[in-house]
Amino acid sequence: MPPRYRPADSLASPRFTGIRTFARLPHVQATADVDVAVVGLPFDTGATYRVGARFGPEAIRSASALLRPFNHELGVAVFDVLSVIDYGDAAVVPGFIEPSYAAITALLQPLAAAGVITLGLGGDHSIALAELRALAAVHGPLALVQFDSHGDVWDCYYGTQRYTHGTPFRRAVEEGLLRPERSIQLGMRGPLFAASDLQDARDLGFTVMTTTEVLRHTPEAIGALVRATVGDAQAFLSFDVDFIDPAFAPGTGTPEIGGPTSHQGLQLLRACTGIDWVGADVVEVLPALDHAQLTAQLAAQVAYEFLSLVAHRRSAGDART
Amino acid sequence: MPPRYRPADSLASPRFTGIRTFARLPHVQATADVDVAVVGLPFDTGATYRVGARFGPEAIRSASALLRPFNHELGVAVFDVLSVIDYGDAAVVPGFIEPSYAAITALLQPLAAAGVITLGLGGDHSIALAELRALAAVHGPLALVQFDSHGDVWDCYYGTQRYTHGTPFRRAVEEGLLRPERSIQLGMRGPLFAASDLQDARDLGFTVMTTTEVLRHTPEAIGALVRATVGDAQAFLSFDVDFIDPAFAPGTGTPEIGGPTSHQGLQLLRACTGIDWVGADVVEVLPALDHAQLTAQLAAQVAYEFLSLVAHRRSAGDART
Amino acid sequence: MPPRYRPADSLASPRFTGIRTFARLPHVQATADVDVAVVGLPFDTGATYRVGARFGPEAIRSASALLRPFNHELGVAVFDVLSVIDYGDAAVVPGFIEPSYAAITALLQPLAAAGVITLGLGGDHSIALAELRALAAVHGPLALVQFDSHGDVWDCYYGTQRYTHGTPFRRAVEEGLLRPERSIQLGMRGPLFAASDLQDARDLGFTVMTTTEVLRHTPEAIGALVRATVGDAQAFLSFDVDFIDPAFAPGTGTPEIGGPTSHQGLQLLRACTGIDWVGADVVEVLPALDHAQLTAQLAAQVAYEFLSLVAHRRSAGDART
Amino acid sequence: MPPRYRPADSLASPRFTGIRTFARLPHVQATADVDVAVVGLPFDTGATYRVGARFGPEAIRSASALLRPFNHELGVAVFDVLSVIDYGDAAVVPGFIEPSYAAITALLQPLAAAGVITLGLGGDHSIALAELRALAAVHGPLALVQFDSHGDVWDCYYGTQRYTHGTPFRRAVEEGLLRPERSIQLGMRGPLFAASDLQDARDLGFTVMTTTEVLRHTPEAIGALVRATVGDAQAFLSFDVDFIDPAFAPGTGTPEIGGPTSHQGLQLLRACTGIDWVGADVVEVLPALDHAQLTAQLAAQVAYEFLSLVAHRRSAGDART
Amino acid sequence: MPPRYRPADSLASPRFTGIRTFARLPHVQATADVDVAVVGLPFDTGATYRVGARFGPEAIRSASALLRPFNHELGVAVFDVLSVIDYGDAAVVPGFIEPSYAAITALLQPLAAAGVITLGLGGDHSIALAELRALAAVHGPLALVQFDSHGDVWDCYYGTQRYTHGTPFRRAVEEGLLRPERSIQLGMRGPLFAASDLQDARDLGFTVMTTTEVLRHTPEAIGALVRATVGDAQAFLSFDVDFIDPAFAPGTGTPEIGGPTSHQGLQLLRACTGIDWVGADVVEVLPALDHAQLTAQLAAQVAYEFLSLVAHRRSAGDART
Amino acid sequence: MPPRYRPADSLASPRFTGIRTFARLPHVQATADVDVAVVGLPFDTGATYRVGARFGPEAIRSASALLRPFNHELGVAVFDVLSVIDYGDAAVVPGFIEPSYAAITALLQPLAAAGVITLGLGGDHSIALAELRALAAVHGPLALVQFDSHGDVWDCYYGTQRYTHGTPFRRAVEEGLLRPERSIQLGMRGPLFAASDLQDARDLGFTVMTTTEVLRHTPEAIGALVRATVGDAQAFLSFDVDFIDPAFAPGTGTPEIGGPTSHQGLQLLRACTGIDWVGADVVEVLPALDHAQLTAQLAAQVAYEFLSLVAHRRSAGDART
């Protein structure tokens, strides 16, 4: 029996027609017969530099019209395997982080409880804490696989501010939402505040690899390292588009030059097969600074690759792992 | 009893949340309890110069998130009077004008037959012919009120091409869809192909006023002239955004400098009270050349003013007329 | 004796050289021999739609390099009359409105106490409340002259949020910072949430004129009305760039089409002579959506016209009033 | 007998086809049977602020593809009256003003000597001196009709630099190329260096009107003033696009907000009938800062209106004058 | 004897002067003494998503002003070996694919018959069918070397539409214009409609390599594979700019992230020495979405590399092969 | 004792606050206790194609707000080792290269004489000659390490122009400012004027490597080659942003596609440890064509890497060399 919810067929109706949902999927607020729910999390008050990722979900949905159903690299017909919906957005409160966190968690927790994998479209990276609160409440502490140029494990900004897009993963560890020894951060680069920045993440228990270290290995080797780190833990994928070089992702809040190409980034992501994903997000898409939808299309493809990884594991032959 | 279909309240959920529909209205494909249906008509193969208006409906929907429900200038609470939906888009066929016309007409005619006023979001101006075919099939020949810098009554392009965005209103007259003596074109300007260009429209029976002539009168006087021309005929409003100066509407296909300001344009439109509208469109929004959503927001507001004119006539005191 | 602090001379060193300060003025943090201090207030967490005005002060300073010292329209050599400095920015806390208000007020109040007129560069309009707290603490309640397309006197957003860029002037009245009967709002337009929106401001005691009403009068008549309203009260000028049509000011957070041209706007502002200004701001410049510095240059000129109004009143012949 | 050189017909071949020449005219380097030669003058080393007008001629040619042959406002079929060519560009020397002046003058003087009216596409305004040297060498001192927000009659920049885009008309008077008492400058605005700036131009003999003064009169009254000033002198039209407000002409080097709209600008220009033009230029188009070709299209239309004024005078019924 | 037609020398006249032709070559419509004719094919009605490649030839010509005559990588002084002209554009009919095909074929076939190699500047990829019709009519079926992220061998769009930019190479095989066993497609990537998409091209007889496969080999190895595939057949090079990652070529209609860099792309192209080229095109340049001419400059360089490959083969020492 | 001059702390005050100086360093015009002075050199009259690098220093300063103090790749806390200031700009004379050279040299020579390393922010590459005049006057002839896609050793442009951005290093050799046998040029690519172009630089004594050659080696090997070439000579680093592919640096004057990625570029630069730098520049940043500050951020990072190289050598353990 084919999945209940599937995208519109762009060989029948042009992909530029219709209300914009992710990948031309149905906009439904349901959990029955749903494998994955795409949810917009348009919150950006956590940003410390450029701001505007509240328009990220709209932009990613628009760019996702170009997606097609068969992932040749992973050999999987994504929407033949998974029933996927666009659930809409959380009713965040711009300017106020705590009620926004509450709104995000309140929306996601019932989805997780119903066995639905959540795929958040950000929004700045501060939203990850709210997502992890929702998922850990259902699944217990999770493994984290984070692609990002920044570790986002600082303690405070401006003296006393504990909730920003630079702090969510330290908070998540403190709140017991993550299993640090099962977690890995990939891609750190750019000038740091201090020599201790990367060590701090390692002290929390995370495995940490800089961009330079990542690019010294093949994607396959990195995929194996990720699998070895995560093991059989339930895992959350957090993909900050600033992991990729800003030439490929200009529309973002805190760009760091010197990053991987989008080809390298996709190959790395596709290598992360064999993992028991329960949720994911793609964050820090800032459309006002994007050009020709480069960043939005990258984010849409990252979301699609996550769906593909889930479909790949569920389908009979998970050949790579 | 309040209208069945109403917009989301932007004082409750932020206007940048949710799937983008026109004015945050429900996306419904129904006719019961519907006064006006907004329909995307993303077709641009009729364009003879810059092209890309197929993305116009998406852009207008995005910009329309800024609309609020009370029109102070006309004194009407639009969505307290009218039940309005976003019906979605016609499944046009890019590159092929005749099947696209068929698709548009097939979508609109049942709406018109059900007594629903249609409000098309273009798309290039060639779509007007398909809209008029649908509406005239139900209502008989219509009066036309056209705001535009070009008359769009040329006969052929490139020798023999009869269907382009420069020809729809000549075709509509030929097909008996319009009542030319009840029709008026406002805003012609820019260099012409020949001295006969304006006379041709007059020979078809239209009243024609250039931008220079329009701007020599008050909006109230123009409104009175429009009412006098249309009389009690059922009427179609066709608003090409190039009626307004391109500084206010840069994202369009065939810009003509030297036009009215957006303030002047809105005042002219608001003066067209007291008319029995059965349909409208706003066309030639080309997002790839827009900036900061100027053009899309203008088009969204034009659509909103049309809704306001309809609501104004339906509400008890149509004070101006 | 000429003023102590003056701009660099752009006939001697090119205007594109040097660290960017407002109008190429000295960057000094002093009060002695200072008539007016320009202060950046780069806070935008109060924005409810587009966000990014935290980069407004940088953009206004950059565009202000084009300013020259003689205002021909008012007949005043601004920097021969006034000693003006660029004081730098308040250390706001992005994402957190209350400590940001505290930082702004803490910076401005000593300036006001030292007799320095403050000229704030925003930032979103929420900053006006912090400015008014600082100035009213020194001067007592002030008259307000507000150019804006929105009244910004709503009560709450999203249920319970009292501090946003849509609420500062209601809060200011509640806190006793304004003399509403001496205050005037000019330029309201665009769709409203409800028929009561304008009446609410009038109920607070403000005089309110819509854009349509303003444009029906000459600038001189509006200037006379402003003077009659303010009388001899000490006054604060708050200029939201969305007062002007977005074709002239695309880089702003909540644009409303159908506004005055920049020529009309400047003429209106220049007509507000004869008023005892103690402070001003120009707000809602959002550079990521600006083009060719249109908005930033407009804001820089508005700030310059404010300086000119102050200089005009201080110079011997205040001819217009 | 129809003119020898005429544009391609855009109803036969699409206007976006072919090598870009001005108005789709033939690219010919000839003088026989030529009434007007359009010449690109891509020099911008005279610019004191933003630079890049060397790409102005390319941009104006591109935008001019939208022009059509009949000017309805002046009632003249331009290319039925005039034989016009695109002569190509002067081989200026970027970075070096004196050899560039020599190259421009060497190209234009033989055209003028052959009785050809020259229409220069700039380039920054410094080129006007080279044009006037060429034309005055043939025709003697000329009347100047200058639309501009700046008078460009300063003496020196940076101490001793006499040749910049801020000085050409003072130099032209000093070199005896102009008849100041027959010359008029229209549109000055923006902050000035000193109170004497406008008086300096008047002291040179020019009639000077600010933007504010111009906009207090009808276009017809300004046209009459221009005719009265110029009388029967041979005249040069110099149109700096910064005469128009930068919302309509963002791509320019020294924008001044608060200017006329493009509608006002065109009406003023069209009112300048009845003058014996021997040359013209349109300058300060800076494409890197343009948007959607707004500025380039404005400049193309200004050039077209100049052709129309020449054609209008040459055709039998010069009805307005 | 040096070639008859050569570019202007940019050390003599600045490269930003003159009417824009490809590489500053003469605009001539001739075949005598011509080795290669560059022809604009500004047709984009075949595009199924973003549209606007009709302005591609203009943009490529503009960017090509930066080209210089010596290709160091291939060691060839291109314009010492080849006589090259810019022939102008085909008079396509926007909106109508069949008469446009006829116009393209009618223009190219006589050039091919005269022994001139044609180098088409697109335009969307649908034009390739018309080019192949012209060349195959003269030369017989050709080998195809296609750099592209999409195979463009789908059968129909929207049910029954057989002529779009997604179908030309299937049509070309059906019409007997290609030798599939001598043809190779390089660079396929991105989500597919179905698992069969790549197999369909292989079933037609083409050799197909995905981007991932191409990037696993050295450029030299790919060059050898191309040579082995083509053999001594007469060959057509079709280069869709979406072969390259959209960070390097944002201005295109159907971007696919994860592609080669421009360095990789050029090295691959330069490796294709030793082939008997009879024609080429570079397609899908969509200037409205380009930035800083990135895409146009890439396309210009691709065209230049094709000229270099032809010159390399014709010059005495074709060292690589 | 910590360095006297240090950047503001972005964990205390947001990085978007304050007057823009390089890396939030103090704007001081001093030499005491200063190790490195950053100096803006906003001159662009030497540019032969696109122009506008006069705004480069402003853009680099703006983007440099993102820099943080610890360079993880080189393992150095830059501002714990070095006292760095932003000295402001040279008062260049736009349009006139010789007085501009004089102004630059006059500013830099006293800094060099005081033992301060100078770090120039361009401006076009012509400024390098003025910098080298200042530094060689103090230090004697220098080694040059030049990252650039062009050698900039042409002799003349346009017949006789000896001072442009294409000629500075030939002039520097002629003037005895460089030690060619200790100098290396890295990254040449793009079409050349003639086969002799690269040989000319080698004939001057420079080591020259093309982009293709550079990318065939590891960064470490290139670093070793640079060290071997320079030896113990005092050296000047000149980094033209067009060394990097224009996808990563679109805002530049003479882009050449096919360049290194920013990751490759940074790795190459970081490998150049162990050299006795006395000065550096980063040039050809043209903000009007930049996007999302890509180019400006790259240039800021290059400047930061230079500071890091200096700090690395000065700190105890220069581990790599």
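A, B, C, D, E and F are the chain letters, set down in written order, and residue numbers restart from 1 in every chain.
One rule holds in what follows: a contact is a pair of C-beta atoms (placed from the backbone, for glycine too) under 8 Å apart; a residue touches a chain by one contact, two chains touch by 3 or more.
This structure is a prediction, so every number in the text was calculated from the model and none was measured.
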item	value
Subunit F reached from subunit E - shortest hop count over touching chains	1
Length of the line joining the C-alpha centres of subunit A and subunit E, rounded to whole Å	38
Centroid spacing, where centroids are CA-atom means, of subunit D and subunit E in whole angstrom	41
Chain centre separation in whole Å, for subunit F relative to subunit B (CA means)	55
For subunit D, residues contacting two or more additional chains	12-14, 16, 48, 54-55, 93-94, 158, 245, 247, 261, 289, 291
Pairs of chains, among all present, that meet the touch criterion	A-B, A-C, A-E, A-F, B-C, B-D, B-E, C-D, C-F, D-E, D-F, E-F
Subunit F-facing residues of subunit D, complex	44-48, 50-52, 54-55, 93-97, 99, 158, 161, 163-164, 288-289
Residues of subunit C defined as touching subunit F within the complex	12-14, 16-21, 27, 40, 42, 54-55, 58, 61-62, 86, 88-94
Of all residues in subunit C, those that touch subunit B in their complex	48-49, 154, 156-159, 188-195, 197-198, 210-212, 215, 245-247, 250-251, 254-261, 289-291
Parts of subunit D lying in touch with subunit B, wherever the complex brings them together	10-16, 65-73, 75, 77, 245, 247-248, 261-263, 265-267, 291-294, 297-298, 301, 304
